[in-house]
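Each of the two complexes below includes chain A, the first together with chain B, the second together with chain C.
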Partner chain A sequence: MKKKTLTALKYLFLIVASVLSIFPFFWMIISATNSAREVNAGKLTFGAHLLDNLANLFHSDLAFGASLANSVWIAVITTVLALLISSVAGYGFEIFRSRARDRVFNILLLSMMVPFCALMIPLYRMFSAAGKAGFAGVGLNTMFSVIVPYICTAFLIFFFRQNTKSFPKDILEAARIDGLNEPGIFFHMYVPVMRSTYAAGAIVTFMTSWNNYLWPLVALQEPRKRTVPLILSAMGSSYTPDYGMIMAGIVLATLPTGLIFFFMQKQFVAGIVGSVK
Partner chain B sequence: MKGKRIAAAFLSLVMAAGLAACGGGGAGSSAGSQAAPNSQAASSSAGSTAKKLTIWAWDDTFNVKAANEAKAAYAKIDPDVSVNVVSMAQNDIVAKLNTAFESGNVDGMPNIVLIEDYRIQNYLKSYPDALSDLSDVTKPEKFMAYKLKTMTQDGKVYGVPFDSGVACVFYRTDLIQKAGYKDADMQDLTWDKFIEIGKAVKAKTGKAMLSVDPSDLGLIRMMMQSAGKWYVDASGKADIAGNAALKEALTIYKKMQTEGITVTASGWDAGVAAVNGAKVATAVNGCWYASSIKKASDQSGKWAVASFPKMTNVANSVNATNCGGASWYVIDKVPGKDTAKDFLSKTFASDTALLDSLCKDISLVSTYQDAVSGQNVGAPDAFFSNQPIYKNWIEWTKKIPAVNYGTSTYDIESKMTEAVQSIVKGASVDDTLKNTQTEVEGILSAAG
Partner chain C sequence: MNQTAVAEKEKRPVPRAGEGPGGTGRHTLGTRLNRWGWAFALLSIVLISIFVFAPMVGALVMSFQTGKGVNAHFGGLTNYARLFSDRTVATALSNTLIYLVVQVPIMLILALILSVILNDRNLKGRTFFRVAIFLPCITSLVSYSLIMKNIFSNDGIFNQMLIHTGLPPILWTTDAFWARILIIIAITWRWTGYNMIFYLSGMQGIEPSIYEAAEIDGANAVTKFTRITVPLLKPVILFTTITSTIGTLQLFDEVQNITQGGPANGTVTISQYIYNLCFKYTPNFGYACAVAFIVVVLILLLSMVQMKVGGKENQ
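Showing the complex of A and B:
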């Protein structure tokens, strides 16, 4: 009897927790199908305005379509570069021994403590000067300026190093004895074995880049270069915001990270668990 | 073999990235110091005119639309200049301006930017050379005094005034009549009378007189300004503990809640929902609130507007005040400042036809004196019982007492919000305000 009540309580708690976490998503999807006035009135059933909202979204002067393309490009390039650079670094830190290794690594970890706000103005000046110095395509207001600060993060290097600890060193020895060179070992042995770590790293990096707000806001000036979060913010700033349209935009903005997570869920969990081991 | 090729490609990529980063950093330290005098030279000679202007503003349905109409009007005057209007959230504009002004680097900044009146003093004080002197564009006798005061520093006018935030009482004529009062009773109200009518409305219709939002002190701000007072005095020093107008406003605010004539609506949207859902008989807010009221098209003809109630116990309190509003500014170091000035002086600073058509298209209540005689301004509005609401609003705007908004209205207000909540819950007004005074003095000294 006592056990039953306990189970019942457990389920009750879980039900409440799931409702709390799912309701905002549910509301977002519902709101995307309703008109602004219905959203304001708190309507909680599906409406008939989804197509109107989407049409408004894509026909607004804010170039939502272009912003989607920008966000995809920036997130994909950032993710690919970040995985490549950080995994090499993490691998190097763990596999190759040297006296200064841990000292360098500690300094790297310290850089995680510096908040981005403190870096923003130096970065801004740096990219502005780079643009003025005549390096085409590297100044402010370019995709480059939004990607570069994020292609090598202390967190990702740390993440890869931790996971490399569980990489079986015997493979390494065997490959060396068989005469495979170091880059070959990395690309043919390490990368395939660490697939789940790459998946977890990819999801985290993609999400951070996709949702990134402050730096793209400051760095990107031209309206057509803006990313999705900036456009959503501009839409919400109206004295009379069209919530139906905004919610439709937010649904579209949530889809990519949601899809990526669902497709890579298994690897993601394996990758995170791997880093704890 | 394949491994080698991949490794080579990868290495070159890393090196390229490294090079670019170093190049950027190196150039930053050397070119940064050279570029500054260059850009200054450019703005004072060759760069003062431009063929392309950029304008930043927020709200597609209001300011951005206005800028686009001005762009169309200016295209007829100078077809060679192309104007690019960029829509952005107000907070985003503030973040970008702060970064640019703080780093002393106006790369990618617009020529013309819209800045809220509550914020402009901060920019004028913290970054004295950032904005252009527009004294030769904005003719003081042509604009409303209260608006000019916010953008004047050391006798120079730095902006072109745009929209009025003149406040008024929007009221439901049907509910007021049910409570036993007439339209005449609503004119030139005092807050005492407002509460008296509110009690009758509550008793006879069961509806609240007004919705209050605990996180928004707009109402208290409006009451204060109706007596020519603000959170800071004329010299910018904190004026909280000894501010009689603020005390009276808080007393009225609290009385309305204890008398039970209000309903709490947390957040902007809840307030709009209360109005659109016929839960309240009035809304006391800036004229721009009309667009939210009009969303409930089924209530057309049931609404009317009356001037803002004054406070009987405070000397100088008048039936006019303001809530919000913004103005146009020119960023000085961005090349093309003379073109930007020309644009503003031929559109928002003089073109009455443009201002009149904006009245029709975006319900603009202009702060340009002559706008009152416009054709659209005088037109009756069917939603508001066929009142010439725009004409009323412009007339009331002329009476708004001018105050110094100071540099930190929003920071002060976050402290005040707590204070107001504890006063409503029963804390002593004098003690609470004394504490807040100390906190606000801290904020102001930190802001410089």
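Showing the complex of A and C:
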């Protein structure tokens, strides 16, 4: 009897938690198909305004279409460069361990503790100065300025280093005997073997970049250079926000990460948890 | 260089291929591999130095400067002295500490309870519940903030439901107390599932036989939780506590997009105040850097305390 009540309570708790978790998604999707007025009236059923909302979104003077392209480019380039640089580093720190390098690695790890709000101002001045000095393409309001601070993070190096521990080391010896040089070993043996680690790392990096808000907000002040989160935020803070249109935008912004999650759940979770083990 | 190569030899038993029988052959391979090691790590060391360590030093230097732009000059401790009389700093600090003290424990305990329940292999619908509770993690901070802002606006769907059930509506965005609660609800919604994933993965490392043995000894669910699950998960709990603390101390996106820090700075955070000092009011970079160092010091202090507490109980 007591056990039955306990089980019932357990399921009740889970159901309540799940409903609370899912409701905002439900609300987002429903609202994306309703007009602003219907959203404000609390309509809880699908409407017929999805296409209108999308049209408003892309025709608004906030250039949502351009921001979508900006976000895709920034996230893709950041991911490719970050994976390359961090995996090379993670491999270098784990395969060729030395006391000096371990010490350097620990110092690099400290960078994870540094709050971004302390870096934001010097970074802003640095890129501003670079732009004013006439280096075209590297100042503020460039893709370069939002990509380059994120192409190497201690988190990702740590992630690759941890996963490199499981890399079969005897392959290395065999390859060296065969006369392959170290970069050759890295690209021909390590990269193919570590595919799933790369997938997990790619997911985390892409998501972080895709969703990044504070630094792009500071670095990209020119309207047409902005990314999706900046445009959504600007739409949300207007005096009379059109929530039908905003929710349609949020659905589009969530779609890539949602698809990655549903199709690559295992790597998705591995990317989040991977570095703790 | 030679010294590190020797040190490396003592520590690293791995790549021995190609080592000659004589001492010299060994030495050259060690040196060669050591050079490759530095070469592989070099770019990352340079990049992190340029984009984290150098700005960090830059911020420290700037925090001692007063005056605007090119007129900036050394001002000693002026900025730091000003911190103590700045009421917005006090408000931002107390708001941040409220989020920290209230939200982090609620979220982590909730995540722990959920993972204990969801770790049960015989539970029906286990995958569904896991996915449902993890789902908020796929949203970006801006996106979910706007969804929350809409749901909890004064005449939003939540208040409409309250009125429907005969309850008075809650002034989420115009009452500072409720605005803070709203921020806490929002963050908890977004991050509980995230932390749960860490606990669930930690629990997979716990042998089921430990629980079986405890059951034979007559342990109930609560005893099993406090005596087995929590102690064995201590490193993971410590990790989630530290990351949540660091995240809360840097809170920006949610507050900026849900309440804009209002009403009347009722929800403002330190990161947001720094942003405002630089890009909303007349820019004062030096003072903003001094404010930023509050966060740096707090992160260092709290992480040290947490590691000490977590470490002690480990023994």
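The rule is short, and it goes like this: the second predicted complex is superposed on the first by the 250 of 277 C-alpha atoms of A that agree within 3 Å, B and C clash if a C-alpha of one lies under 4 Å from a C-alpha of the other, contacts with A are read in each partner's own complex, and residues count from 1 in each chain.
Rule of thumb we're sticking to: a residue touches a chain if its C-beta (ideal position, glycine included) is under 8 Å from a C-beta of that chain, and two chains touch if they have at least 3 such contacts.
Quantities reported herein were computed from a predicted structural model and do not represent experimental measurements.
Annotation: superposed three-chain arrangement on chain A; chain B versus chain C shows a clash. Contacts of A:Val138 after superposition on the shared chain: chain B is touched, whereas chain C is not. Of the two partner chains, neither chain B nor chain C is touched by A:Ile74. Applying the stated contact rule after C-alpha superposition, one finds that A:Pro223 touches chain B and leaves chain C untouched.
Contacts of A:Tyr239 after superposition: chain B is touched, whereas chain C is not reached. Of the two partner chains placed by the overlay, only chain C lies in contact with A:Phe13; chain B stays clear of it. Judged by the touch definition given at the top, the superposed model places A:Leu108 against chain C, while chain B stays out of reach. Legend: residue contacts after superposition of the two complexes on their common chain; A:Ala129 is shown touching chain B, with no touch to chain C. When the two complexes are overlaid on their common chain A, residue A:Ala202 makes contact with neither chain B nor chain C.
Touched residues of chain A, counted separately for chain B and chain C, are more numerous for C. Of the two partner chains placed by the overlay, neither chain B nor chain C lies in contact with A:Leu57.
On chain A, the surface touched by chain B in one complex and the surface touched by chain C in the other have residues 40, 42, 85, 88, 120-121, 124-126, 148, 151, 214, 217-218, 233, 236-237 in common. Here chain A touches chain B in the complex through residues 36-37, 40-42, 60-62, 81, 84-85, 88, 120-121, 124-133, 135, 138-141, 144, 148, 151, 180-181, 183-184, 187-188, 214, 217-218, 221-223, 230, 233-240, going by the rule given at the top.
Residues 6, 10, 13-14, 17-18, 20-22, 24-25, 27-28, 31, 39-40, 42, 44, 85-86, 88-89, 91-93, 95-101, 104-105, 108, 111, 113-126, 148-149, 151-154, 157, 169, 172-174, 176-177, 182, 186, 210-211, 213-214, 217-218, 229, 232-233, 236-237, 243, 246-247, 250, 253-254, 257-258, 261, 265, 269, 272-273, 276-277 of chain A touch chain C in their complex. Every residue of chain B that touches chain A in the complex is listed here, in rising order: 3-4, 6-7, 10, 13-14, 17, 20-21, 23-25, 27-29, 31-32, 35, 58-62, 64, 84, 86-92, 95-96, 99-100, 102-103, 105, 107-109, 269, 272-273, 276-277, 288, 291-292, 295-296.
Interface residues of chain C, counted against chain A in their complex, comprise 4-5, 7-8, 11-12, 14-18, 33-34, 36-41, 43-45, 47-48, 51-56, 58-59, 62, 113-114, 117-118, 123, 125, 128-129, 131-133, 135-151, 155-157, 160-161, 189, 193-194, 197-198, 201-202, 221, 236, 239, 246, 249-250, 252-253, 256-257, 260, 270-271, 274-275, 278-279, 285, 288-289, 292-293, 295-296, 299-300, 303.
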